[in-house]
Structure formats: C-alpha cells, structure tokens
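Listed after this line are the structures, all set down as structure tokens.
Heads up, the next two complexes both have chain A, just with different partners, chain B and then chain C.
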Partner chain A sequence: MVEYALQTENIKKEYTISGGIFHGKKTLKAVDGVNLSIPKGSILGLVGESGCGKTTIAKLILGLEKKTSGELYIAGKEISSMGSKEIARIIQPVFQDPYSSLNPRKSIAKIISLPLRAQGLANGAADIEKKVDDIMEIVGLAPRLKHNYPNQLSGGQRQRVAVARALIMRPEVVLCDEPTSALDVSVQAQILNMLLDLRSELNLTYLFISHDLAVVEHIASHVAVMYLGRIVEEGNAEDLFSNPSHPYTQALLASVLTPDPELGLPEIQLGIEYPNPIDPPSGCSFHPRCSKCQEKCSIVAPEAVIKSGKLVECHYPDNF
Partner chain B sequence: MPPVETQQQFDSGLGLEVVFPTPGQIMRRRMLTHKGFIIGGLMVLAVFIVAIFAPYIAQHDPYHQDLSNRMITPVWSETGSWEHPLGTDAMGRDYLSRLAYGARISLFIGFSCMAIAAVIGISLGLIAGYFGGMADMIVSFIITVRLALPAVLVAIAVVALMGGSIQVVVMVLGCLIWDRFAVILRATTQQIRAMDYVQAAKAAGCSIPWLMIREIMPNLLNSIVIVATLEIGRAILLEAALSFLGMGVQPPTPSWGLMISEGKDMMLFDPYLVTIPGVALFFLVLGMNLFGDGLRDVTSPEGRS
Partner chain C sequence: MSALLEVKHLNVDLNLPAGTLHAVRDVSFSVEKGKTLSLVGESGCGKSMIALAIMGLLPPSGICSAEKIAFEGLDLQKMSEKKMSTFRGARMAMIFQEPMTSLDPCYTIGNQLVEALTEHKKVSAREARDRAVFLLEKVGITGSASRLKQYPHQLSGGLRQRIMIAMGLMCGPSLIIADEPTTALDVTIQAQIMGLLASIQQEFNMGMILITHDLGVVSRVADDVVIMYCGQVVETGNIKEIFNNPIHPYTRGLMECIPVPGKTKPGEKLGSIPGIVPTPIGDLWGCSFRSRCSLATQECAARGLELIKISDKRSFRCINPPVTIADA
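This part shows the complex of A and B:
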C-alpha cells in the first residue's frame, strides 16, 4: 500500500465575482474537481498555462484559502480538521519570486528562523541560532550572510534563503510554486539540483508547480497537466513526455523552444486565446482550441479514461 | 555544492572587498546628502532646543504683567532695548519669554495630537487593508464621514460645548486628523499583504497579530513617520487657528496662535506683535514639512532625491 503525502479528492474552489449592480453575481471556478495523489518521497510536477488554477491549488494546500468542496488530505489527515500551525509543520512553500518572498526589513537569520519562532518550537535563542546555522549549511549559504539583508543577496542566494526557511521545521512536503522561473538560467540548474539533493537527504515530497516543461521533465517523477481548473492528463513523467495523449499536452510539448535557431519558432496548434474562466466553453473546455475537435466535444464533457498508464480526459485520446 | 558568492562581494583588482550596504547604511548615507532633510531637521531641532531651554532663554516671567513697560518695540527698532529683545505686548509681558514658552505648547500639542491620530488612523488603516471586504467597507465609510466634517468647525463646536483648554484641544484635534494615517496605511497595507513574504509567514503558521505587527508594520514604518511629521505640522496650525479664534488654548497661556490673536488689534501700528509669532509658526511648520519630505526621499526604496 502506497503512503500518500498529499491527496486531493475532487476539490473545488469557486470565487464569487460581482458583475456590477445589473448583472448579479457570477462564479469563477478556479479549481474544478481536481484529484491528485502524491506518494511519499516522489515529485509531482503540475504544469499548465498562466491562469489555469495552479497557484490556487497551492493556496488550498497551504491552507491560505478555503476549498469550496471536496477533500484534501495532508499526511492522511483532512485539512479542515487541522490548525494552521499543524499544516505549517507538514507542508511549507517556496515561492516564485525571491525578491518578494523575503521581508526586506528582516535579516537573513530572522527570515529563516521565522517558522520556528512562529510555532514556538525552539528552546531559546541559542537553539534557534544552531538550527539556522545547520540549515544554512545544508542549502549552501555562507554563515556570514546571517546578518545581511535580502537586498544584499543575489537572486540565487535569496532563493536558497527561501528554501532554508521552508526546510527549517523539517516538513514532509515542500510546495514549490515556480521556484526557478524568476532566476537566471545558470542559477536555475543550481537550485533544481539542490532541491533534488535535499529530497533524498531529508526524505521530502515535492509538489512542483511550473510552466517550464524542461524544468518539470528534469525534476518530476509524475506529471499532471492542468487546463482551466481541471487535470486533463496525468501520468508517469517519462510516458507523458514521450507519448502525450491529450491534444493540449501535445500542443504544450510542441511549444517548447529549442536552443537551435535553425529550427525557428515552434508552430503551436492553440489557435485562439485562453478562454474566460468565468464563462467556460461547453462540453470539453478545451474544444475551441483543439485541432482534433469533433462534434461531440462541444456538447459532452469527457470523463477521465486510462490510456497507456495515464489518466486522460479526452473523448478521442487515440485519434491523432 | 559551494555557495554562489560572486554577487555578494568581488575583487575589484585593488584588493578591496566590495560589500553591499545594509538598508540602514543606505538610509544614513542618503540622510547626510539630502539638503531638505538636513535643513528641515535643523529647523525643528532649533525649536526643540528653544522649548527645552525656555527657562534659560526667557529672562522674564512669561505671565508677568508690567503695565509701565507695555508695547516696548523689539531691539531692532529705534526705541527697542536689550532688556526686552523682542519687545513686550499690550500687557507689558516679555515677548521673547512668551515665544519661548509658546514653543513648548506648540510642540506638545503637535506631538500629542499626532500620537492620538496615529493610534486611531493606523489601527483603522491596518484593519481595512489587511482584512478587506466588509471591514474595508466599514472603515472606508468612517473615513468618508470624517472627511466630510470640516475639522475647524467641529473643533469649534466641541470647544464651545466643553470649554477651551489644552487637554480638550489635544483630544479634539487628535480625533479629527487621523484621516491621512488611515487612508495611506490602508493603501500600503493592501499592497504589502499581497507580497509573498506575508503569504510565506502565513504558511509558516504566524497568527494574524504577528503578521500585522511583525511582518507588515516594519514595512509601513516609513509611511507612518512621514505622515506623522506632516500631521504634527497640521495640528500645530489648527491649534493656532483655534487659539486665534479664541476657541483653543485660553489666555494667559503663551500659545503662538493666541499671541497673534492678542496682537491683531495693534497690528497696524505695532506689526511685530503679529509677525514674530507668525514667523515662529511658519518656521516650525516649514521645518516639519521639509523634514517629512526629506524623510520620504531618504526612506523610499528607490531613493528619489
């Protein structure tokens, strides 16, 4: 029996948007029935366009937002039965932009030790200092940076500080919300390799949110592709990248830029722009952009089917 | 993996280590080069020194009336003498002594009104900005109501009911001038609340008071200090206006506004009775505003100058 660090069952998050006095209220389904399960010690990559609901899922899991319905288990416990401190001890985030994720008025030591102090987990100042020293060594930060401020650090160093803050309480799950997309390419690889090293060293589970497919391919063991609040394809990273079944996944993979200028810009089969999530398309929400769209697609929403070991939400996963 | 240290310090080729300054160091450096900040600060400091050393500066009792020595002109006029460097008023009281003790009143009123206003305005602004939604609507309504009331008119009405004294003036003005605090803090809190470091602190299990006071407040400090200096100037001017109208500090207390009011009847023949306290008032408020403006430049992240 596989032990899951994180499991969601049909979770939904809806926001109510007021359309002005004359239009009444509308609901925006940011997350519309998502099932995810992350086995302990694995890395799940969650990919999708901007606005598809990746970050909303992150907020739900961190307890920063309350889900509308569905169930969300963290280390086997339902999230609504847990206090914010209990959630914080199990799951910690690393955010995208290390320039806004560190409080500019606090020293590095203060930033890293914040979770310890907030939880009251440390025994006195000496204990905090020792734990900060330990974690700084683990993430590869020079001890003398302790008394510096974030503005004195480079982007890569800042992101290491953010990782140190996430790890100081030794959580089980680390939720990385695009942790490398604000960094230089050269630094990206360092941070990614550090995250991989830390995983085996500290036995961590990662939920890795990104829109950079190359990064996800490098790091993830499982991948879930998200479109308009739903998971449209999920499976083993190798299978998914070598043999994508959903037309959206195919289009995403086709859109990756190559370093070879001779190849030119990739031709993407996603004609029109991203649909308005307040007013989603009928049937399969992907059908207006789908190159293989059939009559049925605009009427009936597809159920998830198992196709060569992956879960695919498409009527015609073979039809290409 | 070795840490990346190339950005932190680099060898300039001269064996010198270049280290990025801390926010405090940057601020101190900017302070020393900002003219408005230094001049404004010195002006306010001068008034402070006068207020603190008023007993040594004043050669006479500011309350002592000497009718045989009334309306002596200042030392720079033909009939002036060093006995009364700034002359005497219609009651024969030494004008320099009254001016020096008046500085105490002005500063006391300025700072205490600001303190009351800060407590009210900061709490309202933080609550509205942090919680948003219903709390924001209620606070915004209170702010709008406050802005619809003309401060001087309300102050006059309250003072007319309760009688004029320093305590009443401080209370009334303090409860009237918090609007700028609330408006500015509401907007800045909204901005900062959305920052990732607040989200990270929340995800670390910090309580709401912790988030507000330890994570958000330090980033609001520069706005608070800037608004505070401007509000001190505003409170001092309002007190002078109230005292001039006879609704503020009561005679014989040496308030600058009251001195202008008492001198206005003799203004045509002895203009010094009005100009001297007027210039003092102008000097203090100008200093305060220059200082506040400078402070904004000095503490702003991008360092406008």
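This part shows the complex of A and C:
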C-alpha cells in the first residue's frame, strides 16, 4: 500500500470579504474542494496563474490558515488534531523571496538553528552548532558564512540558508513556494540540482508550487494544474506534459517560451482577464477563456473524471 | 542605413562608499529601425544601467562616459538637460518591469495617458484623449473609454503592463526600451504581452531594446543579442548564431542552465555555473568570468582582453573558446 505524506480530501477555504458599504458581505472561494495526495518520496508540482489559490493551499497545509471544510492529513494524522509545533516538525516551507524571508538582524547560524531552539530539540549549544555545521555542509554553504548576516549573502546563498533552515529538523515534507522565481537562471539551476540531490539523500517529499512549467516538468513526478481554486487536471508529469487533456493545461503549455530562435511567439487564445474569484463564471469556471467552449460549458460545471491515474475536469477533454 | 541608436564605448561608474563600482565597461552596440536588440545577463550585470545612461536617468552617484551615444544622428551626451527632457518619453520611451509601481495610484489611467502626450506636444485634451483610446484598442484593451476613468489598482497586472505600453507609445517614439517587461507577469500573459510588443514595434517601425534575463523570451522576439557579464559584453551576434552556436563559456553555461521541455531529461541534473557573480568594484583585470569558468587558465587573468570580432555583428571576449571559430 502506498503511504501518503500528505493528503487532502475535498478541502475548502472561503474568505468573507466586504463588498462595499451597500453590498454587504461576499464570499471568496480561494480553495474550492481540492483533493491531493502526495505519496512519500515523490514530488508534486502545483501550477497555475497568480490568484488561483496555490499559496492558500500552502498556508492551509502549513497550518497558517484554518480550512473551512474538508480533511487534511499530514503523515496520516488529521491536521486539526495537531499542534502547530507538531505540524512544523513534519512540514517545513521554503518561500519565494529569500530577501524578505530571512530576518536581517539575525546571523546565519541563528536563522538556521531557530527551528531547533523553538522545538527544544537540541541538547545544549554544542549540539546546535554541530547540527548547523552539518546542514550547512549538506546545502553547500561555506562554514565561514555562519556569523554573517543575510544582507552579506547573494540571492542563491540566501535561498540555501532558507533550505538549510527548513531541513535542520529533518522534516518529511518540504513545501517549496516558488523557490527559484526570484533567482537568476544560473543560480536557479544550482538550487534545483540541490533540491533533487537532497530529496534522494534525505528521502524527502516535496510539494513544489510554481508557475514556471519548464521547471515543474523538470523536477516533479506528479503535476496538478489549478484554476480558480480547483484542480482541473492532475496526473503523472510525463503523461500530463506530453498529453494534456484540459484546454487550460494546453494553453499553459503553449505559453512556455522555450529558447528556440526558429519559433515565433505562440498564439494564445486565452483572452486578457483572469476572472474575479469573488464573482466566478457560471458553469465551468474556465469557459469564458476557453477556445473549445460550447453551450453546456457555461451552464453545467464539469465533474472531475479519473481515468487510468489521471484526473480531468472538463466536458470535452482531449485524448482522454 | 544609419543606425537609430549608436552606443560606442560606454562606461558607467557608480561611486559607492565601498569604492567605484564599474557597472558598465566599454559597451558598444547599435539598434536599427524596426529591429529588436536584446541585452541579456544576470542581475547586476549592468543591463539596466545602460538603459538609464541612454535615457539620461542615471542616479546622482553615476558617472557616464562614452565615445558616442548617438540617437537619430544627435549626440545625446552633448544635449542639455532641457533638450533631453523633450526627447525622453517623446522620441524614446521606456517600459519598466513593475507595472504596479510605475503607474501613479492617485491619478486615473486617462489622466496619465493624456499627460504623457500634452507634456510633449501642443495638442488639445480631446485629441490626446482620442489618441489614448486609439492606443488602448491597439494594445488589446476593450471598452477603452470606460477604462480611462479607472485607477491603476482596479486593473490586473497584465492590463497595467498594456497601459504602460500604450503610455510609452503616446508620442509615437522611434525607440522603445523595455526593461524586463514581462518578468512580473504570469506565463500566459507574458506570451501575450511579448506578442503585442513585437507586433506594435513592427507596425510603427520602431527600434526596440529588450532587457531581460529570460533566454526563452529573447529567442522568440530579438533580432540581435548582446550577452553581458559583470558590466562587459561577452558575446554579441545574430539571434540564430548565438542560440545555435554559442562561443563564450558563459553563454554556453546559461543555455545549459534552463530546463527545456523535451530536451532536458526530467529529474536529471541541469548544467549549472558554479559560484556567484563577482562585484565589479575597484581595479579589474582579465576575464571577469574566469572565477566561474571551468576552462580558465592563467592567461585568462591577463590585462586587456578585447572583443574578438569574427564578422560584422558577431564578436566574443574569450581567449580560450571551447569551440573552434570555424564551427561557429
């Protein structure tokens, strides 16, 4: 039987926001019934445009936001029965911007060792120092940087510090929220290589959130495509990228600009506007931007269909 | 045909407390009408400084010296600040990376678009408004009349960047400098905005300088490429030459760094350039890439490494190129 590091069942998160003085309250469905399961040791890539709810899922999993309904299991345990420290011991995040996610007034050694000290997992200063040295070596940081401050480090080094901080307690799952999008390409490659190495060395599970499909294809074993709070397509990476079924996945893939001077710019039929999540379109939420939209799409919301390990939520999917 | 913009031996130094930072060192290039030149490099390589130097917008600590910065045959260095300000925005426009911060949140889109024109040309408010509506339609914004009354915060990132492009076009410039125009946008919007920029540039026959670090974007829209490292040009050439036969170890390293669907094997290691970009402060000599280059020898530290020209447009700065020039 497959052991799951992380599972969500029909998880929902709604925010109540003010619609203005005369309009009363409105509900924003940031995450609208998402089912994800990540087997131990695998990498799930979560992709979608900004505003689709990727980061809200990350916050729910980290216990930073409370879910409205649904169930979320971390290593087999329901999240609401866990304390925040217990969650943090199993899941650690790496955020997008290493310039704002590190405290500028603390030294690198202090930043990296904070999870140990917070959890009370270390036996004295010598133990902390040894663990910091070990993890710095693993992520490829020179030991002399220990007493430096974040502003003295480059972007790539800072991201390594963030990874070291996430890994020092040896968590099972690492949640990477756009970990390379603030970095230069040559540094991005270094970090991606490191993440792949660490996974096999430390037997980690990644939830890798990104809007860069080329990066996700490179790193992920499974991919879920999100649109307006719902997963519209999910499957193993190779199959999903070579054989996309949902028109949105197809459009996303067509927008990836691979470096090839022989090709021109792709024709994207997506229209300009990402819909307002407070006022989502009727029926299939993607229908106003869809090139294959038919009458039924604007009336009935499609159900998720699972066939040979692939999930698609569309009335008229391709090759499915 | 004479070039629209010609930059020869441009140097930009920044006086910082830590010493003089040589942000741009001996950079030369030219942009022709209707063509796109792309400046490519990692952050801190001086590409944005070049744009600011051309526009005359360097920070107070910046010192710019060049043999020639000629725009439409006029020497921009000799121009007075007053004359320069009639050029800036009118003859040459700039599109910045952050559409959120480069629009004024206190004024409507219409206000800002109209001001861009009335600032430079004697036109009535109605004419300016008509031009704004015309350009908003050009950049693919529907219902443009009502859009003019909206404020920047009411629009999405993609729309804002379209507005920025429209604003840049208000006076009908002949040169457009786009500094990372799509970096802050989603992939789907990125492809649209680049397509829009390219088609508008063709339609109005403008020259474009596209500053970016995204080789994917460059390969699809640029005609010529200048690869920069640490303030210096390391390789220049036609887009196809650069992508099909890169010479400089840095260019080759950059190309191997990016995962390409269908080419790089998923899960396999990407090529990477070890180390970090050095800071160009103080006395510099030799090849700046030698500290990260796997092919570096002692000769690479020699002074006075010049660009080696192999054809009219193609040149590179390396004494130990990993390929023989005949192949390239």
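Brief remarks on what is shown
Going forward, the second predicted complex is superposed on the first by the 312 of 320 C-alpha atoms of A that agree within 3 Å, B and C clash if a C-alpha of one lies under 4 Å from a C-alpha of the other, contacts with A are read in each partner's own complex, and residues count from 1 in each chain.
Here is the rule we use: a contact is a pair of C-beta atoms (placed from the backbone, for glycine too) under 8 Å apart; a residue touches a chain by one contact, two chains touch by 3 or more.
Remember, it's a predicted structure, so these values are computed and weren't measured experimentally.
Applying the stated contact rule after C-alpha superposition, one finds that A:L195 touches neither chain B nor chain C. Of the two partner chains, chain B and chain C are each touched by A:Q157.
When the two structures are aligned on the shared chain, A:F241 is found in touch with chain C, with no touch to chain B.
Look at A:L62: by the touch rule set out above, it reaches chain B but stays clear of chain C.
Contact with neither chain B nor chain C is seen for A:A5 once the two complexes are overlaid on the shared chain.
In the superposed model, A:V34 lies in contact with neither chain B nor chain C. Judged by the touch definition given at the top, the superposed model places A:V174 against neither chain B nor chain C.
Of the two partner chains placed by superposition, A:C297 touches none, neither chain B nor chain C.
In the superposition on chain A, contact is made by A:H218 with chain C only, not with chain B. Residues common to the contacts of chain A with chain B and with chain C across the two structures: 154, 156-157, 187, 190, 193. If you check the complex, the residues on chain B that touch chain A are 1-8, 19-23, 195-197, 199-207, 210, 215, 218-219, 221, 301. On chain A, the positions that touch chain B within their shared complex are 62-64, 84-85, 87-89, 91-93, 95-97, 100-106, 111, 114-115, 118-119, 140-142, 145, 148-149, 151-154, 156-157, 160, 162, 165, 169, 187, 190, 193-194, 197.
Of all the residues in chain C, the ones that touch chain A in their complex are 42-43, 140-141, 156-159, 162, 186-192, 194-195, 198, 213-221, 239-240, 242-244, 253-264, 266-267, 269-274, 276-277. The touching residues of chain A, counted against chain C in their complex, run 49-50, 154-157, 184-190, 192-193, 196, 211-215, 217-221, 237-238, 241, 251-268, 270, 272-274.
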